[in-house]
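These are the structures in question, set out in turn.
Two complexes follow with chain A in common, the first pairing it with chain B and the second with chain C.
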Partner chain A sequence: MISERAQLLLNLADDELILGWRNSEWTGIAPFLEEDVAFSSIAQNEIGHARALYERAARDLGGDADSIAFDREPEEYRCAPLVQLRLVPDWARTIARHVLYETADAIRIERLKQHDDGELAGIAAKIEREEVYHRLHAEMWLERLREEERYTDAVEELWPYALGVLEPGLRPVLAERVGHEEVDAVERTAPGAEFVALWEEMTMVRRSAPVGAQW
Partner chain B sequence: MTEAAVWEALAEIADPEIPVISLVDLGVVKAVEVEDDRVRIEFTPTFMGCPALEVMQRQMEEAVTALGGEPQVDVLLDDSWSTDKITADGREKLRAAGFAPPAPRAESAPTLLQLQKPVHRCPYCGSTETRLDNLFGPTPCRSVRYCASCRQPFEQFKTI
Partner chain C sequence: MIWEVFRQERKGQPFVHGGSFHAPDKEFADAYAREFYARRQESVALWVVPRDAIHAIEEFPDEFDLKYRRVDGYSIKARLKEARARAGTAQRADAETDALSPSERG
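Let's look at the complex of A and B:
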């Protein structure tokens, strides 16, 4: 049984790592070049956040950031179902996830900035400085797509998943900010088939080398 | 060995990605403590996913070793670094190299409205007739803007 603090760190870090991974799937195939740059950069930030959070979690759990990121079995990951979904090549659903995730993430980062553990609060504040730019990027796309049917359908579809990013106590805040009714959330349970396929690829190189290999 | 000697050595280390400024210009060295041969450096990373961070750490260790000291670089994941920590010298060096230095950080985070306003100065010709082309750029720390006066795209340091 791991501590509540370690679990909080892992939920957040797994979300950021896997979303970073999903965002990076757009590198080279985004609808235009500037979005290749944007999604790649956002992916890099998210994975950087995951690294810092795993490093902090490693002090409670042992190991290091890499071993926590890559050496767990698929069923040990705690990422929210929202970030697990493979959405390429659907841009409307990708932007819907981007807008919903960044809105939800802002709420939990605000909360984490108030954490009693000053170090956790500090990491959260540092993450927030970068997340601002993700939200501005999401905001620009929301302005462009908000009336488009494909986009609004995608938001409807992903809304229960978005609620699942947050602990139940914070969900009403998300419902208010998004302007949607709270419904049953898609909760963090054992990862699904899409995640397992991602995990196979993500850990492939690491698993091909002996434990403790130096790179 | 004195703290001043360590600071001087660190001021010689170029930023791995933007070599026109040093790590001291960048404001990432929060403190230096010297006790006999042991040198402890408090290092505050810039952007969390920046691949240059590990290079910076190694370069600082090498610089202390070269002075005959025993380095210990502590990475502080607190919230003490912001782009406001870049020194006045550092800002001028950035501008001269074609990177628009970051706007000072306001009380609240930047907004789209601010970023889209034509108040950001082109580092080449000084015009403020510039527009935001991409919030993101070639590295996590930069956005891309375009100057309508000299028709030149340029990199704008993000304010964080």
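Let's look at the complex of A and C:
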């Protein structure tokens, strides 16, 4: 049984790693060149956050960031279903997820900054400084797409998933910020088939190398 | 819409043209400029300017070869030499040439 602190770190880290992975699926095929670079860079930041979180989790669980990120079985991951969805090549749904995730993540990070555990509070503050720009990026797209039907449909579709990013106590805050009624959330459980395909690809190189290989 | 970016590497230094990119409005331009020109802390400040706001001037006629007006265009070296030859004061002229600034020496 892992500690509550380690589980908290893993939930967060898995979200960031898998969202970073999904967003990086746009690299090379984003709607235009500038956005391609910007969105890829955000994806890279998310994976950087995951790394920092896994490193801290590794102090509790043993191993290192790579072993926690890549050596678990698919059913051991606890990322929110929102970040698992493969959304390429649908930009409207991708932006809807981006906006919803960043809004939910902001609430979670604000809360974590107040955590009694100084180390957790510290890493939250560090992540927050980069997330500010992710939110600016999400908001500028929101401003442009908020009236578009494809976008509003996507928000409706993803809303129960967005609630599932947060623990139940924080969901009313998200509902208020997004201006949506709280509904039954799609909860964190063992991931589904779409995730397994991602995991296969993500861990392929790691699994092909002998244990203990240095990169 | 095309935006031109001028970046400053250190406080107090002049802004230097960094490049350009497409963005539909100021908000997008802000985000992309940060990503392209400041993500690795390579700039301390950016000027992001719509290309249309730049008044470009590219033609500077010089029909009468008034090169003495140019900062580097008027070398007195050759003329000094001729003058020296005429006056027969080569040695003294050499001393004068030594006192000239590097650009005047040609």
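Methods note: the second predicted complex is superposed on the first by the 215 of 215 C-alpha atoms of A that agree within 3 Å, B and C clash if a C-alpha of one lies under 4 Å from a C-alpha of the other, contacts with A are read in each partner's own complex, and residues count from 1 in each chain.
Criterion: a contact is a pair of C-beta atoms (placed from the backbone, for glycine too) under 8 Å apart; a residue touches a chain by one contact, two chains touch by 3 or more.
Quick caveat: nothing in here was measured; it's all calculated off a predicted structure.
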Quick check on the superposition: with chain A as the shared anchor, is it clash or fit for chain B versus chain C?
clash
Have a look at where A:Arg78 lands relative to chain B and chain C in the superposition and call it first, second, both or neither.
neither
I'd like to know which partner A:Gly122 touches here: chain B for first, chain C for second, both or neither.
first
A:Ala52 contacts which: chain B (first), chain C (second), both, neither?
first
Tell me the contact category for A:Phe32 with respect to chain B and chain C: first, second, both or neither.
second
Touched partner set for A:Arg97, first chain B, second chain C, both or neither:
neither
Using the touch definition from the top, say if A:Arg188 reaches chain B (first), chain C (second), both or neither.
neither
In this superposition, which partner touches a larger number of chain A residues, chain B or chain C?
B
Overlap of chain B and chain C contacts on chain A, residues 34, 37-38, 41, 133, 136-137, 139-140
Inside the complex, what are the residues of chain A that reach chain B?
34, 37-38, 40-42, 44-49, 51-52, 55-56, 119, 122-123, 125-130, 132-133, 136-137, 139-140
Spell out the part of chain A that touches chain C in their complex, as residue ranges.
32-34, 37-38, 41, 133, 136-137, 139-140, 143-144
Where on chain B does chain A make contact in their complex?
47-50, 77-79, 81-82, 109-112, 115, 133-140, 144, 158, 160
Under the definition above, what is the set of chain C residues touching chain A in their complex?
21-24, 27-28, 30-32, 34-36, 39
